[in-house]
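There are structures below to look over.
One chain, subunit A, appears in both complexes that follow, with subunit B as partner in the first and subunit C in the second.
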Partner chain A sequence: MIDFIQNTIDGVMIGASYGLLALGFTVIFGVMRRLNLSYGPTIMIGAYFGTVLYLHFGAGLLAVAAAVVVGAVISGIYVERLCFAPMKAGAGIASMVSSFAIWMQLEQAAVLVLPRHTYPFPPLVTGPALEIGPLLVRPDHLIMLTGALLLAAVVQLALYRTRFGLGLRAVIANPIAANLVGVDVGRLVVLAFAAASAIGGVAGFLVLAVDQQVTPMFGMWATLKGLIAMMIGGLGSIPGALLGGLLLGVVEVHSHWLFGPQVRDLFAYFVLFAFLVARPGGLLGRTIDVELSHRA
Partner chain B sequence: MLDLQGIAKHFGGVRAVDGVDLTVKRGEILGLIGPNGSGKSTIVNLVSGLFPLTSGRILFNGDDISDLPSHARVGLGIARTFQNIRLFGQLSVWQNLWVAQNSRLQRQEMFFKRWFGGSAGVQAEIGRTLEFFDLAHKRDELAANLSFGEQRRLEFARAISARPNLLLLDEPAAGMNAEEVDQLDARIRKMRDEGFTVLLIEHHVELVMSVADRIAVLNFGRKIAEGPPAAVQDDAAVREAYLGTR
Partner chain C sequence: MDDYLVSVVSNIGIISFVALSAYLLLLTGEISFGQQAFFAIGAYAAGIATAMWGWPLPLAIAWGAAAGAACAVTLGIPTLRLRGLQFAIATLAFAEMVRILFELWRYQIDIDGEPVGPNGTDGFRNIRYVFDHNIEAFDFMMLIYAVLAVTLGSFMLLERSRLGVIFRMIGEDATLASLQGIAVARYKVFAAGIAGALAAVGGGLYAHLTTYVEPRTFDVMLGVHSLAYGLIGGLGTALGPLLGVVIDVGLLESVRLFAGYRMIIFGGLVALLLIVRPRGLLDERLVHGIGRLFRNAKSGTTRTGRGPP
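Presenting the complex of A and B:
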């Protein structure tokens, strides 16, 4: 029983990192309906910005965090300009395929800069795990969970309570009408990509500071986990993204404990599969915004 | 204020608008009428920048705006409504107006207020607009849940909330009953009194005859008459376009 509770706690902590990654995905894919496969790799590029600063200039934790976010935002805007801005609305497949190409490009760029497979990443906090009765909780895990909750609240507020979020939702509901009431659609989409990448940067920094290492494969890992967590949670729902991440983490840790590391990912995909079959909208998914249009 | 100089729009071989000169003066209501397919809506779409001109120029307050994107034209003070309603369905009534507000008032606001719901001034202005269109009691309703008539009024209100110098109304009376048309008539007059300039595209000839200061008539993409309502009504070419030759 103690094991079960301990595993569930660990799962929630791991799941917080998936939830963090799913947040940015929700803004780009769940809300804006643009499938950006390069999302994870842009975070990875940000992480390399931070690692280079850490290795060669001995930068402190805050400077590394800032570098990760800035690097992710720059490469996020790069991807938007290259893969999404030139494509007409409705050419979603073309954008997705080109974002796959940029994924490869970013991964190769990272390998060129730092050719070894693994590099160290500065730890968030050092020190022993907190003991709560018979249970153990890592302090950096707690920080990550808190970060995930805070970030989700900020994103939720930004989407539903600010002019920027309203503008974004107006663009999604009806791009032509949004343009004709004076919203600069192109500029708003770039801003949204930049914001999503900044969220990804924060997520990536927290995850890597807990892992204390970074590899070029982090991009693929982030895209996969973020995408799965978002789809379990429900397209377009911020609380759903968080919840989906937590559920994914809990399932992974329990299956790891019960059946070993080989079947861990198998269970993750099985949960996704089960949701797609039984509840394609995800945990908290909603119907998408529909354009209002009447024949006069 | 608005000066169309020989504007034309061809869709393949179809000459939807074929060399039209038209001037809208400050403070007037210019009615644009014509049979189906005569190019009225195409002119609104060209002025609001929905698609590019084939030839000609569009001047606004003396500046050539032919190549400006739509949102920049709104910034200069040209707003429009749609014949087919295009609201933001999942936004509430007041949020639909807020998104459209990019008036001087909005730009002067402090960053924080501008992004988090607007100052008392912005809220008051939204309140006044909703009052004027009899929508104040639906302030927090989602636009998608409004009745057809309410959606029409909200779309009108959204165009006004940008505080435009020039308002393009594309068939505002479409689908309205007699009572609603009377209310619309009264609102358009009141807006002229408040200093709006209006280009009114309308099928409902009675409404146009009633509110317009001047009327231009299109047929097959060309202007066939222009003048005060009474003169246009008696014009031989206009009668021919609407009723056919005897």
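Presenting the complex of A and C:
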């Protein structure tokens, strides 16, 4: 029983990072209705910015965090300009494949800068786990969970309480109508992309600081985990993204503890598959139509 | 031809099957990230048939194709009613499940005192049919291309047939197609079945070319690549995905000129290409234009061709 509770707590903590990744994904997807496969790799580029500062210039934790976010935003905007902005309406597949090509490009760029397979990443906090009765909670996990909840709240507030959010929701509802009432759609999309990359950057920083290492595989990992959590939670829902992440985390930790790492991944994909077949809208999602066919 | 060239050309032929498989689904308007699963199923099924059951190669490939088609239809029935991204992710989840199941699967028998068969993450070694039957690498390459030629020929016939028109129509607008009385779901499952068989044929050939398969070959990267080939080469003709494979595997994998910068150059070029030609190099318009040119030259008159613009 204690193990079960402990695993659930650990799952929630790890799931928080998945939720964060899904949050950024959801913002991009909501605005673009297109899949950005380069989402994880842009975060990885940010992580490499941070790692270079840490390794070669001895940067502190805050400077590394800032570098990760700035790097993710810069490469995020690069992806938007190259793979999304120039694509005509209805070229959703082209955008997706293009973002995949840029993923390969970013991954190779990262390997050229830092050719070893793994590099150290500065830890968030050092110190023993907190003991709450018989349960153990890692302090860095706690920071990750708090960060996820705070960011989700900020995104939700920004979407529903600010002028920027109002404009974004207008674009999400109908880009043409938004344009007609004077919303600068192109500018707003870039800003949304930058914001999503920044969220991704924060998520990436927290995950890597907990893991204390960074590899070029992080890009693929982040894209897959964010995508799974987003699809489980429901497309286009902020609370859904967070919940999807938490559920994925809990399922993973339990199945890992019971059956080992391979079956953990099997379970994660099975939950995703079962959700898609039985409840395509996910936990909380409304069904947003995806722009994939070439006829808009 | 030297050995290296033969192996590169053979690889191009084999990857073309997965690319054609993803392309067929793209025609019907579906994006699959999971065709590598059927490639894997074909590889394992055909490998087991020759190496463990002693079947002849053609029968083993056919059996692999049947297994691929059966799995694809089984997957297609619950998933094809999903929309765009949801279908794409469902196929991704399925393919990853298949890959992990192969990582967990052990089924070995003793042959000449050696265990043969799938062995979890270590993969499936000693698929020695080609070696045992003294088939030269060059001859096996010709076999790959013979099968590929038949496949391409069938695609060309498909494009001219009623079935091909229906596939493209569903891809253009499934609602409109169903309003015309087309049983969209049935055609989509049918297309998924053929696509599964195609990928599985490629897998069966692959297993016998390399003599071993391991589950991690069949990861998401293979699936996304095969999808990308169609987009790069063009969605107007079955030659499009082939062109995509030739450009990627042939030009870049083989010409080691770009060494560490391959993906930086290639990734950027693909992104730029897709801005100019979002439906690939050989897109519908170009293919149609060429087709019209030929018809005009033959009949000597100008008339508008049929088919999608």
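Keep in mind that, in the parts below, the second predicted complex is superposed on the first by the 283 of 296 C-alpha atoms of A that agree within 3 Å, B and C clash if a C-alpha of one lies under 4 Å from a C-alpha of the other, contacts with A are read in each partner's own complex, and residues count from 1 in each chain.
In this text, a contact is a pair of C-beta atoms (placed from the backbone, for glycine too) under 8 Å apart; a residue touches a chain by one contact, two chains touch by 3 or more.
Predicted model, so just to flag it, every value in this text is computed and none were measured.
S.K.: Based on the superposed arrangement, let me know which partner A:I77 touches: subunit B (first), subunit C (second), both, or neither?
M.R.: Neither partner.
S.K.: Which partner reaches more residues of subunit A, subunit B or subunit C?
M.R.: In the superposed model, C touches more residues of subunit A.
S.K.: Just checking: does A:M217 make contact with subunit B only, subunit C only, both, or neither of them? Give me first, second, both or neither.
M.R.: Once the two structures are laid over each other on A, A:M217 reaches no partner at all.
S.K.: Just to be sure I read the superposition right, which of the two partners does A:A178 touch: subunit B = first, subunit C = second, or both, or neither?
M.R.: In the superposition, A:A178 touches subunit B alone.
S.K.: For A:F164, decide between first (touching subunit B), second (touching subunit C), both and neither.
M.R.: After superposition on chain A, A:F164 lies in contact with subunit B alone.
S.K.: In the superposed arrangement, which partner chain does A:V190 touch: subunit B (first), subunit C (second), both, or neither?
M.R.: neither
S.K.: Taking the superposition on A as described, I'd like to know which of subunit B and subunit C A:I143 touches: first, second, both or neither.
M.R.: It touches nothing on subunit B or subunit C.
S.K.: Subunit A residues touched by both subunit B and subunit C?
M.R.: Dual-contact residues (subunit A): 289-295.
S.K.: Write out the stretch or stretches of subunit C touching subunit A in their complex.
M.R.: 26, 29, 31, 78-79, 82-86, 88-90, 93-94, 96-97, 100-101, 103-104, 171-173, 220, 224, 227-228, 231-232, 260-264, 266-268, 270-272, 274-275, 278-279
S.K.: So in the complex, which bits of subunit A are touching subunit C?
M.R.: My answer: residues 35, 37, 82-83, 86-88, 91-98, 100-109, 111-112, 220, 224, 227-228, 231, 235, 262-263, 265-266, 269-270, 272-273, 276-277, 280, 287, 289-295.
S.K.: Using the touch definition from the top, list the residues of subunit A that touch subunit B in their complex.
M.R.: Within the complex, subunit A contacts subunit B at residues 161-164, 166-167, 169-170, 173-174, 176-185, 289-296.
S.K.: For the complex, which residues does subunit B have touching subunit A?
M.R.: Listed in rising order, the residues of subunit B that touch subunit A are 48, 50, 69-71, 74-75, 79-80, 82-91, 95, 98-100, 102, 114-118, 143-144, 148, 151, 158-159, 162, 171, 174-175.
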